[in-house]
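What follows is a set of structures to go through.
One chain, chain A, appears in both complexes that follow, with chain B as partner in the first and chain C in the second.
So, the complex of A and B:
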C-alpha cells in the first residue's frame, strides 16, 4: 500500500495487454451475443410502439407456465441422470492405463459427432413398440405388452441424456485427471478406507468438474427442440417449441422473444441462487 | 427448354416458390416446365418448407424477390388480409373461370388438392367389414380397439371431431369450436402420438406404432405402393388445397399473372396426378381424358371422391374465430 509500487504498475500494464489480446474475442461476443440478445429484448417490448402485451400473455396464459415447469423438470432429470451415469465413466477414464482411457473417451466422443437428428431418430427406432428394446424384453418374457418407452416424456429424457452425456463426462474427466493420486494414498496412509478417502478427498476436489458439467447440461437441456419434438409424442411441449409455435401462431418475433427473455431471466435467477450456496466463480475459476 | 433457359436477357422470368421434395419435382415436370415453354418465359424455382414467415419478411423489406408462391390456401388469404399478397384480376386468369367459386379468392387460385383421410393398418383391420369407415368409428374405441394418431394441428382435426359428433360434412362451417374440443377430449387418452410432420404420420402407421391415423392421402398411398399393409378411405375426408398467390410488389407481376393462368390450364393440371398422388384443382382437367380412368378413382378431387368429403373453408380458418381456435390448440395439446 505504498505510494508507488512497481509491482502494481507492472500488474496494470499486464492487465492492459491482456485486454488488448482479448479484444477479438470481446468483439465476437458483442457481435454474436450482446447485440442479438439486446435486439431480442427490444423486440419483446415493441409492436408499433412500446408494449407489455407479450409479457402479459406469458403471465396470464397457463400454456406458458406449464411449459416452463415441464422444461425445468426435464432439465433437472436429465442433469441428475447424466451426472449419475457420467461420473463413474469419467472416473474410470481418469484412472485406467493409457490405451483404455483413450478407448473410453472415444466411446464418449464418437456419438458426439453424429447429428442430433440422427440420434433422435435412432432412439425412436430402438424404443418404439416394435423396436429392439421392446422386442428383447418380450422375448425374455419380462413383459407381455410393449412398454410405452417413446412418444412421451420418458422417451424425451432418454434421448436427451444420451445426447448430452459427453457434456457431463468431458469436464468431469478434465478435472479428475488433475487430482493428484498421491492424495488418495495419503488418505489411505492415514487410515482412511477407500470409500472414506473418496468422500473426503476425491469427491470435493472433483466438484469443479461437477459444477461445470451440471451447468452445461442443465442449460443445454432448457433449449432442446428436436428431441421433444420427435420423441415427445406431441404432448411434451418444451419452451423452445412454445417459441416456435408463437412465431407460427402470432406471426411476430415479439411474442417469441418475450418467452426467450423470461427463460433467460429464470436461468440467471437459478444460477444466482445456486451461487449463494456454492460459489460458482471459485468453482469455475478452479483456484 | 435449354434454349429458353440460355437467353434470360430476352425472356421474361419469374421466381416460383414451392415446398420442395417429390411434390416440387412432380409439378416441375407436369406444370412448370410445360407452362414455361408455352409462355416462352423462364420459371426459376426456390423451395421452402414453411414459406409464410419469409413471405412476410420479403414484403416487409419493400423489395421482394419472390413472385409466385405455392402454399396452403389459408396463407394466401391471410396474406391478402395483411397486405402481403396481391389482389388478383380474374379477367386476366380465364382458366380459373371453370373452377368453383370456393376454389378461388380475391388473392388466390387453388392449385392442387390433397385430403386429410383416415388411414388404418390392414393387419389390424383386414377386410372391409371390420375396417373403420367414418370419424365416428375412429372415435369408437370399443368397436375399433387400437392405437390412434392425429395431427398436432387444429386444421382438419376439428372438422373430423365434429363429423365424429354427428355434424354433416356440408354443415361444418362456421365450426362449433367448443363442441369440437369437447369431442377431442374424448379421444385424447387413446391418441398415442400427435404427429407433426407428414413423414412421421406415415412412419407411425408403417411401423405398427399406431393402428389408425388421420393423414394426407398421398402419404398413405405411397406406403401402400411400397407394399405396406395399409389402406385409407376418402369417406369424410377433409379436402384441402394449396393455392398460388402473388407477393405484393412482386418484381415480375405481369408475367406472374400470365403464369398463374397457365398453371391452372386443364391439360397441365391433368398432368400433375400422373406424377404424384395429388388431384388437379381445375375440374376441367378431368374432361381432358389425360388422366386414365383407374387413376381418376384414386384422386382426392375427382368428382366421385370429392362428393363424399368435406371441403375445408380456409375463409373460416383465417377469420378471427379460426385464428382463436388455432391459438387454443396449444393449451389443448399440453394438458
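So, the complex of A and C:
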C-alpha cells in the first residue's frame, strides 16, 4: 500500500504553479531565440536536401578563415587590454575611501549605460584624421602627420576596449570587494613586502573575478558588430559582419547560417567550459 | 601598511588616465553638439543650437524618435510583468528544472545578437512581422527579459519569503499575498529592471537594422545608417540627448535600488 505524502503533492503543485508563472517569458524566449537559432542550424545543413557544403566552404575558403582569425585576434587583444586597464581601476575602486570609490564606479557605469552608437560616433569624431586625438598629438609635437587611427583595426580595438572595459571592471570589483583586508595586513605582518603579499594573497583571491571578466569580454568581442562596422572602415571584417553580409548583400542564407553556427558553438563552448569553474548566472548577473 | 610614495603616484596616475579614457567620448560629444560649424574641430570655433534645431525640425528624426519611445514604453509594459513572474518562479521553485529555465531565460545575453537577428528576420518574414510595431516590441521584450529577471531575482534574494507565508497562513490567497506583502518590498528592483529594459530597447540597433523599416524605423537604425554614410553633426545633438536621458534613468534606477538595499 503506498501512501501519498501530502507534502509531496503540495510540492508538485507548487512546482507546477512556478512553471506556469515562468511560461510567458519562456514562450517569448523560445519563439524569438530558440526557434530562430534552431532554424538557423537546420538551414546550415540544407540546400535542396542535407548537405555539408556550407561548412566545407567556410572551412576551405580564405575569406572565412581570415575573418575568423581576425575576430579571435581582436578578441584576444581586447581581452588583454581590458584586463591591463581594468584590474588597477577595480583595485582602486575596492580600496579607496568613500566618495572616491563612488566617483570611480560612476566613471565606469556611466559609459556602460550609454548607447553603443553614441560611443562609436564619439570615437569616430575623436580619432578621424582631423580629429581631436591627431590635433593634440600634433600640437605636442609628437607627430608631424596625422595618424590613421580610425577606419582600421586600431580604431575598432580602441572603441571595443572602451565599450567592454566595464564588463571587466565590474566583476573584478565585486570579487575584490569581498577579499578581507586583514589578509593583506597579515601578509605584511609576516614580513611579506607589498608586492609579495599582493602576488601571493590578493591576486589568487581575485582570480574568479578575472575569469568572469575575461570570459565576458572575450565572448562579447567575438559577436561584435556595430563597432567594427562603423570604425573598421570596411576592411576589418569580423565574423558578425560576414554573417550579415551573406544575408544582406548576397542573400546566402546557407553560408550565413553555417558561419553563425560556428560562432555560436565557439561562444557556447567557452561559456560551458568556464561555467564549470564559476556558475553562469553569477557571471551574467554582472551585466 | 604604508607603501612607498612613487609607486602609489604612478598607480593613481594610471587609474586616472583609464578613467579619462572611459569618460572622454561623453566629454567630447556634448560640446560638439553645440558647435556652430559643420566641421568637427575641437574645441568648436563658435557655439550654437543649430544641430538641435536640425534634429527637432526634421520630421524623419522626430518620427524615428517617436517610434523608439513607443517601442521602449511597450517593451517595459510587457517585459516587466513577464520578467517579474519568471523571477518569482525562479526564486521560489527549486531543483534543476528552474535552474535550467533561468539559464534559458538568459540566452539573449549569451547568444551573439547577430545570430538572433538574422534568425528573427527569417521567422518574421514567414509570419509577416517585418517592419511592424508588434515585431519590434516582441524582439525588445525578448532582449529586455534578462535585465528584469536579473534585477528582480536579486531583489527577491534579500526578501524573506516567510513573510509571504505568514500572510497566506492568515488567509490571503497567493496573488494577494504577493501583491500586498512581497511586491511593495521588491518594487525598487522591479522598477530598476523596467528601466534597464527601457534603455536596452531604446539602444537596440542590430535587430532593428534587419526588421525595422518603412514607417517603423527606429532612431538607432536611422543613426546607424547616417553614421555609415558620413559624420553628421546632428548625431552629436541626438547623442547628447540620449546620454542625458540614460544618465537620468540609471540614476533613478540606482537610487531606487539603494533604498531597498538598506
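Quick note on the criterion: the second predicted complex is superposed on the first by the 225 of 287 C-alpha atoms of A that agree within 3 Å, B and C clash if a C-alpha of one lies under 4 Å from a C-alpha of the other, contacts with A are read in each partner's own complex, and residues count from 1 in each chain.
Convention: contacts are C-beta pairs under 8 Å (C-beta built on N, C-alpha and C of every residue); 3 or more make two chains touch, one makes a residue touch a chain.
These figures come from a predicted structure and were not determined experimentally.
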{"item": "Contacts of A:229 with chain B and chain C, given as first, second, both or neither", "value": "both"}
{"item": "Partner chain in contact with A:115 - chain B first, chain C second, else both or neither", "value": "second"}
{"item": "Dominant toucher of chain A (residue count), chain B or chain C", "value": "C"}
{"item": "First (chain B), second (chain C), both or neither touched by A:18", "value": "second"}
{"item": "First (chain B), second (chain C), both or neither touched by A:8", "value": "neither"}
{"item": "Partner chain(s) touched by A:66 [first = chain B, second = chain C, both, neither]", "value": "first"}
{"item": "Touched partner set for A:128, first chain B, second chain C, both or neither", "value": "both"}
{"item": "Which of chain B and chain C A:249 touches, first, second, both or neither", "value": "first"}
{"item": "Doubly contacted chain A residues - partners chain C and chain B", "value": "128, 130, 229-230, 247"}
{"item": "Touch list for chain C against partner chain A, complex", "value": "1, 3, 11-12, 14-15, 18-19, 21-26, 28-29, 32, 39-42, 82-83, 85-86, 88-90, 92-93, 95, 97-99, 101-123, 138-139, 141-142, 145-147, 149-150, 154, 174, 199, 202-203, 205-206, 209-210, 220, 223-224, 227-228, 231, 235-236, 239, 242-243, 246-247, 249-250"}
{"item": "Chain A residues within the chain C interface of the complex", "value": "14-15, 17-19, 21-22, 24-26, 28-29, 31-37, 39-40, 43, 85-86, 88-89, 92, 104, 107-111, 113-126, 128, 130-132, 135, 162, 165-166, 184-185, 188, 194, 222-223, 225-226, 229-230, 240, 243-244, 247, 253, 256-257, 260, 263-264, 267-268, 271, 280-281, 284-285, 287"}
{"item": "Chain B-touching residues of chain A, taken from the complex the two chains share", "value": "61-63, 66-67, 128-130, 148, 151, 229-230, 233-235, 237, 242, 245, 247-251"}
{"item": "Interfacial residue positions of chain B with respect to chain A in the complex", "value": "50, 52-53, 56, 152, 192-196, 200, 207-209, 326-327, 330-331, 333-335"}
